[in-house]
Amino acid sequence: MMELDQSCSVLREYGSEQSLLSRPDGSSTFVQGDTSILAGVYGPAEVKISKEIYDRATVEVLIQPKMGLPSVRERAREQCVRETCEAALQLTLHPRSSLTVILQVVHDDGSLLACCLNAACMALMDAGLPMSLLFCGVTCAISREGQIITDPSAAQEKESQALLTFAIDSVERSVLMSSTSGSFSVHELQQCIAVSQKASEQIFQFYRDSVKRRYSKIQ
Amino acid sequence: MPFDTRRIRGPEESQSPLLFLSPDKVPEASSRQGVRGNGDVRPVFARCGLVSQAKGSAYLEAGNTKIICSVYGPREIERKDETDMKTGRLVCDFRLAPFSCMKRGAWIQGSEERDLSATLLESLQPGVCLHRYPRSQIEVNVIVLENDGSILAHAVTCASMALADGGIEMYDVVLGCALGQNGNTCLVDPSHSEECGSWHEGYGENRGCVTVALLPNLNQVSGLNADGEMREDTLTDAVRTCLDGCHKLYPVVQQALTRAVKRKAPPPEK
Amino acid sequence: MAAGFKTAEPLEYHRSFLKENCRPDGRELGEFRPTTLNISSISTADGSAMVKIGNTTVICGIKAELTTPPSDAPNKGYIVPNVDLPPLCSSRFRAGPPGEQAQAASQFIADVIESSDLINMEELCIEKAKLCWVLYCDIMCLDYDGNLLDACIIVLLAALKNAQLPEVTVNKETDLAEVDIQKKRRLKISRHPVGSSFAVFDDSIIIVDPTAEEESLSTALMTVVTDEEDRLCAVHKPGGTSLSGEKLQHCINRAITRNKEISKLVDKVIGSMKATK
């Protein structure tokens, strides 16, 4: 295993692959350290009448845990990912249709929600769905000494006094989604946002590179 | 065992502290003596129109029994297959809040609640002009916030008030009254401890509960539910006593409904 | 005329008010609806409270039961919060198992309890690795008119403060629990978390305490939970349009003043109950 520098505002080793599944309209896998998520996107497709929205597409997000059935915790994460996707996608272009994002947890070693967001964004890009902006997820842990650690592992999450996950948009670098646990001061919150915004640059650059690499191959 | 993945789960098993009461400290069942006579119903507090989102709603309090009911509809029928399209459909959902009883209830609707839903539906149906609502359904949702006996009877009254408050066309309001028979004594509008008391000693001659639903203006009985064992003449007497009990409720219900109408459409000032 | 405009173009209708810095119900943008609190209304529960924020009504009943402590924390007890949105409270909810919103709310409340250190979980332990309390906090919405999360946090806080647990001792000879229902004690509530919800209109205008209609028309929702030391316990924004740092700071400031208002209300109501007893 590679040695990783885990000091301030450094992400763990990350990587991704797109279009690895043949059945979904878009798919991706996103790996951050030992955390790994597999994502598939289906749509625009027919929607159940009960869920139909007359002027835009209905987005559904399903998170499948590594083992067992999804619980309330997964449902809360699904809500966060879904509403972030809804803000990024141009849903009014596909009225009365459905978009389904399925996220399979392959391995959880911390920063799970952030990894889910990244995998979802890569899969949506792969499906070629019209989006007004891209988003990425960054998790920050505040350690008991008050140090901010980005992209923490499960062990670091356990040791921390607060855990903050943000979704950052690619246009204004502002906060789309925020989900926190533990208590923290206003100053710490602002610091974490700033650190996440900085870290997001790296991920957006990674998005750009991987898309560029992929399309240069096709031509 | 399948478990509920849609709710936050606690430990696998837990027991109510009431099971561990030291025997000398069990609170004694209080008798009715001095508080109210055996034939008296508890004073009832009733209000309409508390749920802002509903078409009609009502809240009813009798002693410690607290019931809230809301009515939605008429709206498009959900299941189109099995129903007769010429008349509307009444749907009842009866729930006991988990904290409403001495022992904590489960979130998932149990068989008792399903039975109560069905009985409530049958008692209300004759009072509603369902032929006026073809191809549509009217939903009645009842939640018992605190169970201190006679919940079915009070739920019937509360639900019919909510229907009336929602402007659903009705032949008459439906009033409910319950009675607990224990040997030769009969207790009208029994509280929870009185209801349970008659069962603790097991089944026996002349022991049981009766609930009657009445349309007071038409003087017709729309629901009758009796369990336990009773002699024919006792049962007849019991039903008669319940009918009296219903009539005693009527002015309260009338008053609450008039109040609600006046608030919605205040009379022109002279 | 106004009614027709409201039904046909709800968003335009709201915008025309927001332009004038007010809202259809007459409130200013930063104004909460009147909040009332009522405690001890359910005698079958060990603790109960009911909160009304405008039309939104939420009731919470706490039932305490006995169980064995979790194996990974033998000196702690359990708190199990669940939020239910029954079909009674609004036509948008169906009968049956809880939907996504109810589940997300339950999880949010559980997170707030954990994040804020609302209660010392060790206090719920009666005998280490043998016996502890589990507090089932069942929260039911009776009237849904927006801002569910704020109401849930207030109702939970008040119900926990109102709760009284009977004294339990473990009999040394029989190894069984003995409950004395006459002697009751209150829980020590160490923190006062209070939430404030915000809705973002047209990506820029922020209003507090949105109604159900405002929630459905807004582009993003956010809930900020603070405690009495002005520390943040949760900044929950499940998505929607983005928010600048400045606006976020504005929301946090509002949340801090709201905490003071609600803490005062809760203390007053709980105090008045103690005084009458």
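The letters A, B and C name the chains in turn, as written, and every chain counts its residues from 1.
Keep in mind that, in the parts below, a residue touches a chain if its C-beta (ideal position, glycine included) is under 8 Å from a C-beta of that chain, and two chains touch if they have at least 3 such contacts.
Bear in mind the structure is a predicted one, so any value in this text is a computation, not a measurement.
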Leading the contact tally is the pair B-C
Chain at maximum distance from chain B, centres defined as averaged CA atoms: A
How many angstrom lie between the centres of chain A and chain C, each centre taken as the mean Cα position? 28
Distance between chain centroids, defined by C-alpha means - chain A, chain B (Å): 49
Taking each residue of chain C in turn, which ones touch at least two of the other chains? 103, 106-107, 110
Where chain B touches two or more other chains at once, the residues are 6-9
Check each residue of chain A and list the ones that touch at least two other chains. 72, 75
Quick check: in the complex, which residue numbers of chain A touch chain C? 72-73, 75-76, 78-87, 162, 164, 167, 169, 172, 174-186, 189-190, 193
Note which residues of chain B are touching chain C in the complex, please. 4, 6-11, 13-18, 20-22, 25, 27, 50-54, 64, 66, 68-70, 72, 75, 93, 95, 97-102, 104, 107-108, 139, 141-143, 145-148
Complex contacts: residues of chain C adjacent to chain B: 41-45, 48, 55, 57, 59, 61-68, 70, 78, 80-82, 84, 86-91, 95, 97-98, 103, 106-107, 110, 134, 136, 138, 140, 142-145, 166, 168, 176-182, 212
Give every residue of chain A touching chain B within the complex, in rising order. 69-72, 75
Chain C to chain A touching residues, read off their complex: 100-101, 103-104, 106-108, 110-111, 114-117, 219-220, 222, 227, 230-245, 248-249, 252
